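Listed after this line are the structures, all set down as structure tokens.
Each of the next two complexes has chain A plus one other chain: chain B in the first, chain C in the second.
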Partner chain A sequence: MDKEVRSYEYKPSKTWWLGNRRYALYMVRELSGFAVAVYGFIFLAQLFTLSQGPLAYDALLGVLLSPAGILLSTILLVFAIFHSLTWFDLTAKVQPPSMKGKPVPRKIVVTGTIIIWLFISYFVAVFIFRVG
Partner chain B sequence: MASQKTIKIRVKRYIPEKAEEPFYSEYDVPYSEDMVVLDALNYIKDNLDGSLSFRWSCRMGVCGSCSANVDGKPKLTCSSFLKESKGDSILVEPLSHFRTIKDLVVEIDVFVKKLKSIKPWIIRNEEKPIADGEYLQTPEQRDLIKQTSMCINCMLCYEACPVFDMDNDFIGPAAAAISYRSVMDSRDDGAKERLDILTSKHGVWDCTYIGECSVVCPKAVDPALAIQKLKAMGGISIIKSLLPKKK
Partner chain C sequence: MAEPDKLEAVLWLTFTLGGFIAALFIPVIIVINNLAPGIGALSQEIVSYDSMLARLGPLARIFFLIVVVASIYHGMHRFKFVLFDIGLLKFKTPIYVLTYAIIVISAMIAIYSLILIPNP
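Coming up: the complex of A and B.
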């Protein structure tokens, strides 16, 4: 019996991720990873121009502070925040801390980490704006 | 006598001898509150169309053989009640991430191969003589593997996984969850070997944590979580192997 079994293969459609909220959110999360990379790139560019002297740095700052630059930063910020939140959510799932042998409920871990994150962000912001 | 209420069941069919492409057949099936989709399929097979093909065995969510897409969602047909459906018809389609052989029957070799590759049995460095009795576990040790032991190999998680759809070689949710179960088993000595398999090409790193596998799992196995834990363990194991060995 070596007759090959005939079978049918479904091809994924290009819009497979639109039909399900979780798939769509996943696509946004992947996209937000790209935004985080752009953020990192801008930071590196700033460091580089800083090493080239005040003129080069100011020129870059001028671009970043233009309306288009601010719009870009705002969009990147929204994506970066979204990306960070998905990480807190994941951490709470994968490594839930336990108290007296009982795992701490996920909601508490997520909220807790977000509060710590805001707290640290506040001090970083104060530090930057004081120094700057 | 009042006429019996009926419901329309639309089934996606594939009969290679008849047509190259899948097509739909519609059936009117007597409706009752306690009927599940599998009951409707069996009614069709027995009374309306004997050519309709589908798999089932236990009828109680244990064997994992009756998986299909019900109204577009991966489900066990034996656990999906007709009354859960909102419209006046129900759409039943085969799992689309596996090749269809006929109607709702899909080719499962691809999953069985994965299952074999993860060695779903206890690996011991040394077997103890039978006379020494069983390998006992404490309730706490048993708790660590309880959730992932619930897997019934229904493959619904593979149907929910877009990564598996793009790359059939991806180890996927259930095989990873079952392997996690073995890694965590107090009687098993194969953790290193298992993590090596799971962290190689097409292993757990391919998972992008979409999480839909855990949503559709009828046994609350949470394979997505098992994979993330394996990633953490795999990472630690890789770092350990890079550190200088203690003499």
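Coming up: the complex of A and C.
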């Protein structure tokens, strides 16, 4: 006789992540990835309007440089910086580099990555956006 | 032993790479391209149509293509799991299809735009 097989179906509540500070922070970290995609769409729109001529580009630029556009950029920048810092920290945890067979302390790895990040940001500003 | 899923491995590798590219470049691009000209810390001339064209040489086009696609890929990949986390796992297939469709269409628009943008 065949036995009935019943499997347990895990159904978490939709707001399980609100009950604990660490879970909420996890969700904010994950949403910071989405914010990066949102900026990707904005930048894509800029490139698209650039291909359509100055009128289309200037119309979009007007929206992006308006008070609402600046507010959105500020929110996205906060999330993007949060994404960068948590990503560097995560990478140092997942793949800790070692020196002479000993793991390099995470603080040193993260600080080093942030210094390299700032240097790359300066490089992008000066050599790609030609600031200064 | 089950064979490792090579496609899954490639998707995760691209996700990791996308995360790094976004982490390194998106903050500075937001500052220079949007925030600083918006609040007057930099002249708005820096993001004018002519200035944008002037900096869009072949290497800059490839750079911007990589940054845009990597950011969208990385973000949509993570957003997909946020949707699963808030109880939408039952819609796994449509969410997968939708997120990857958005990524592919965005990449196509980026390539189309960067080819069409006039040379400086």
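Keep in mind that, in the parts below, the second predicted complex is superposed on the first by the 112 of 132 C-alpha atoms of A that agree within 3 Å, B and C clash if a C-alpha of one lies under 4 Å from a C-alpha of the other, contacts with A are read in each partner's own complex, and residues count from 1 in each chain.
Operating definition for what follows: a contact is a pair of C-beta atoms (placed from the backbone, for glycine too) under 8 Å apart; a residue touches a chain by one contact, two chains touch by 3 or more.
On a predicted model such as this, the values are computed, not experimentally measured, just so you know.
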item: Partner chain(s) touched by A:Leu76 [first = chain B, second = chain C, both, neither]; value: second
item: First, second, both or neither for A:Phe43, with chain B first and chain C second; value: second
item: First, second, both or neither for A:Leu31, with chain B first and chain C second; value: second
item: Which of chain B and chain C A:Leu64 touches, first, second, both or neither; value: second
item: Which partner reaches more residues of chain A (counting touched residues only), chain B or chain C; value: C
item: Partner chain(s) touched by A:Pro12 [first = chain B, second = chain C, both, neither]; value: both
item: Contacts of A:Ile128 with chain B and chain C, given as first, second, both or neither; value: second
item: On chain A, the residue positions that both chain B and chain C contact, one per complex; value: 12, 17, 30
item: Chain B residues touching chain A - in the complex, by the definition given at the top; value: 14, 16, 21-22, 72, 96-97, 99-101, 107, 162, 165-166, 208-212, 215, 225, 228-229, 232
item: Contacting residues of chain A [partner chain C, same complex]; value: 11-15, 17, 27, 30-31, 33-44, 46-48, 50-51, 54, 57-58, 61, 64-65, 69-70, 73-74, 76-77, 80-81, 83-84, 87-88, 91, 117, 120-121, 124-125, 128-131
item: For the chain C and chain A complex, residues of the former touching the latter; value: 19-20, 22-35, 37-39, 42, 44, 46-49, 52-56, 60, 63-64, 67-69, 71-72, 74-79, 81-82, 85-87, 106, 109-110, 112-117
item: Residues of chain A defined as touching chain B within the complex; value: 5-10, 12, 16-17, 19-20, 22-23, 26, 30, 90, 93-95
